[in-house]
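The following pair of complexes shares a single chain, subunit A, combined with subunit B in the former and subunit C in the latter.
Moving on, here comes the complex of A and B:
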């Protein structure tokens, strides 16, 4: 038995390493310097025979690729700000409309509440392709094609955060609300003093999931933004060509960095958010 | 006063509902209308658009690939992530492993596309590794093996997500039943198959539906590494929608959207039965 457990640990360790490898590869490549990269990856670019290889530890670490991206590429900053604008807009919208809707669905008692909740669930489970045409038609109608606002409004009314937050608000015991009501608290006060603090984890979870989603969105900007200067970073695919390999790596890491920071600080909420979609969440 | 009570909470939902109606429902109803009208005029076409879909080669290829992808990937993902969840919970470094397996979720598709391109290239790193064991390499992205690349990409990105879902399910099971079983002398495998699995059945459906939803997102990596017209083996429904959109084939698109949403509605109905009680 004991023997078996050791084996499992080793196996899991190797498996985890395998999962981590692409990230390691990305980071190593970004500090490697052009010559070393070409030496390793040359075969991909038709240089030298055989196959490419990759070192996890660069022999001559350098930050030159990053300097090049950050100092010599004004487009990068334009795209970075586009991403920030779109993501912030979407999150703000989800925070306002989503939180309110989740609260109403969890704690309201109006006719059709249950059915409405299912409408949100159905919407949440529709892949982008199902809604692609209708999204396009409405943005065209409203004159929001080729504008950040189109993406922001659509993201703001996404059903996913509503559902996640609903699951957390739903776990708040009704006795607390009844007590507050007896004390004469109004509906907004109950939301502010009971809903928001007790559902905080739900709001954070929805925001972390929403941020990772918006930061790396591909389909929406690709479909609805024509003007290149409006593009977010998430659709910046650097061409990998000789002489610019290090640059491509550095760009890829820089796109990843903000998401990584959110992941590192919000992993707890990310996990809770994922869990919320499968099992009921407790009070807080 | 009584009327106000009856609609308690409705006001909170109203702004969101208004937005959802404007941005999703109304245009979707319009798409349903388009799916039964002709592209050129406004005349009623009945199910003609749908019938044409099933005569369209690209649609049939994309549909078959998408179904095949789901049939291969979803069971594989469910199994791998469940085994991993059970195993990781017993590891001393459980927190670290959770972190590692979740990390791919945070990686934007453009970042990982660069890695995939270099790994799966004809002269790439995977072939170098295969070469070490004496096997011949191939151009993974431009051969039927491209389907496999998509599978790997999907598993890599979604294993952590599903693992956390399973862990939540495992945690919900009352731990004392394991203790009792172990005291009775049941071995680990028996505990797993006889105690854990039956108890996880109730979240199996939820995890499957979420995996299905996430399976559509594999398009991101597939598109970024292989473009609009990749190898036939990885030509998915999502590619088709994207290409029809580019060609403004709106009647085909609307029929396909309606069809796809109907298929998904069937799954949602299953979810309704699985979650029915809980959603009270």
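Moving on, here comes the complex of A and C:
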């Protein structure tokens, strides 16, 4: 039994390592010189035959790519703070509008509530390319094209966080709300003092997932932002060229770090959310 | 705990990014070149050329005397004023000249006699030839006359023949007609017949005479011509040969005489001088100042000028040397400004009188300026400024803004580019062609630089595409 368990752990570790290898390559590549990178990835750029390869440990490590990013590329920081602004705005909007929408769908009693939920789910399932044209026309009419507010408003009313938070709000026992009503609490007070604290896990889960999504979105900025000074960090990476490979790896690591930190911060709530939904399913 | 650590890491990351936001901006501002710009304007290119030299007399006279004469006494020094005819120095006498003259005279006597003898010989041959031609021509004309007389006689005979032939025909016709009219009248018919027969006989005799005369005529003509040609050919050959021999001899003699004459005259000229008398005393040909004395007592006279006299009655001039490439900016008649060393006053209105290449070095240009004005004397050190303005050009730029690289001439202009950092200025390369330039400015031709800000000065090296900042005036 113990032996089987060990083997299972080793197998799982190996699989985990396999999934972790790209991150290892990313970090290793960010401290490699251009010559060494071209030697590994030359076939990708049409130099030499054979296949691309990657080394976990660089032969001649260097921090020149980071120096280039941090000192020689002020554009990186402009785009970084653009990403911060867009992401913060979207999360704030989702926090305000998404939570209330999810509470209303979970605990409301108005006609068509179920149908409205299905509409939300349908909207959530649609890819961006389907909604792109309608979004563009709406933003154009509102005069929000080529500005961060266009992206922020569009993300703030996203259906996905509503769906995540709905599941959590739906798990709150109605008896607690009834008890609060008997104590004289109004709807908003119930939402604020009972719904938000008890649905905290779901809210944080939605925020984490929302941040990961908005931090790395590419299609929306490329479609709705023409001015280069408004571009977020996610658009910087597609400019990988021969001679800038190390620089691209360093940028990727720096982009990856905030997402990692946020994930680590909200990991507990994500796990709680996944656990809670599975228990609820079993209970139902 | 773990959550706190992660939060701290997050806060540190944000602070880190904030700090490096400023650091990277600071680093970029340090590495971004600050440039000064100017727009191309319409203007002229002024070429200012300066040179210095010493004021000289307008003309100088070089005293040339034969080389190799021994100088016995020098009577003047450099800077002395001398009058025309004043004694400059004395030599031991010009024996070379005397010898050259005697040699010339004796040669000339001999050469003239030889030439005269050949001339007589040639003339004699020529006269013989002329006489012969005249004589043979006389023969020819006489023969022509004789032939003409014979032709006349022949023509007369032919006329007679024709007459009698026509008489014969007439009488034949008459007899035929009489026979018919009278019939058997024997008297008239017989007379007509006898007259016709008589006429016929006369005609026959005439025909014979005519034929004979014709034959004699043609024989005579042929004989005459033949004898004339034979005689002429022999004699002609004799006289022609004599003449042909005499002509080249005479021509060669003339050429020799002319060559000899030139050589002798040159020898006399080399040995002679207007400035030195027969006793060897050299005097000044003009009034002026002695600028140079090239002889010393006891030494021999040089091959170049023994003395140079600056003629004081002539105008003053300034001669300077410039690079030959300056010729395109100068021309005779241009005005210039002269300034004395150590003085601030400018003397305007001086003109260039002559431009020529140095005889020894074609890369140098000699410029002669006629100097007028009371403030300048011969011997003064001065500076001269020449100025030439070009035509009006629509685009003139400072020369500092023009770059030449690998044969390509270009300027760097500011270009606004939309970037991630907002609107940036970067340097854009624009090709130009230089039409004319001086040391500071250049007139250019180019499409598209008329209203552009051209980078004229930077605080660091700038390439095409480099980000720059414009210096605020």
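FYI, the second predicted complex is superposed on the first by the 225 of 284 C-alpha atoms of A that agree within 3 Å, B and C clash if a C-alpha of one lies under 4 Å from a C-alpha of the other, contacts with A are read in each partner's own complex, and residues count from 1 in each chain.
In the analysis below, contacts are C-beta pairs under 8 Å (C-beta built on N, C-alpha and C of every residue); 3 or more make two chains touch, one makes a residue touch a chain.
Being a predicted model, the structure only gives us computed values, none of them experimental.
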Partner chain in contact with A:228 - subunit B first, subunit C second, else both or neither: second
So, A:212: does it touch subunit B (first), subunit C (second), both, or neither? first
Applying the touch criterion given at the start, work out whether A:111 contacts subunit B, subunit C, both or neither, answering first, second, both or neither. first
Is A:43 touching anything from subunit B or subunit C once the two structures are fitted on A? First, second, both or neither. first
Would you check which partner chain A:193 touches, where first means subunit B only, second means subunit C only, and both and neither mean what they say? neither
Could you let me know whether more residues of subunit A are touched by subunit B or by subunit C? B
Subunit A residues where the subunit B and subunit C footprints coincide 262
Show which residues of subunit A lie in contact with subunit C when the two form their complex. 70-81, 227-229, 231, 257-258, 261-262, 264-265, 268
List the residues on subunit B that touch subunit A in their complex, please. 6-17, 19-20, 22-24, 26-28, 30-31, 34, 84, 87-88, 90-93, 96-119, 121, 123-125, 127-128, 131, 137, 156, 159-161, 164-165, 167-169, 172, 187-188, 203, 206-207, 209-210, 213, 216-217, 219-220, 223-224, 237-238, 241-242, 245, 250, 253-254, 257, 260-261, 264-265, 267-268, 271-272, 278-280
Subunit A contact footprint on subunit C (complex, rising order): 3, 6-7, 9-10, 13, 17, 20-21, 23-25, 27-28, 31, 418-422
Can you tell me which positions in subunit A touch subunit B when the two form their complex? 1, 4-5, 8-9, 11-13, 15-16, 19-20, 22-23, 25-26, 41, 43-44, 50-54, 96-98, 100-101, 103-105, 107-111, 113-114, 116-118, 120-123, 125-138, 141, 153-154, 156-157, 159, 162, 187, 191, 212, 215-216, 218-219, 222-223, 233-238, 240, 248-249, 252-253, 255-256, 259-260, 262-263, 267, 270-271, 274-275, 277-280
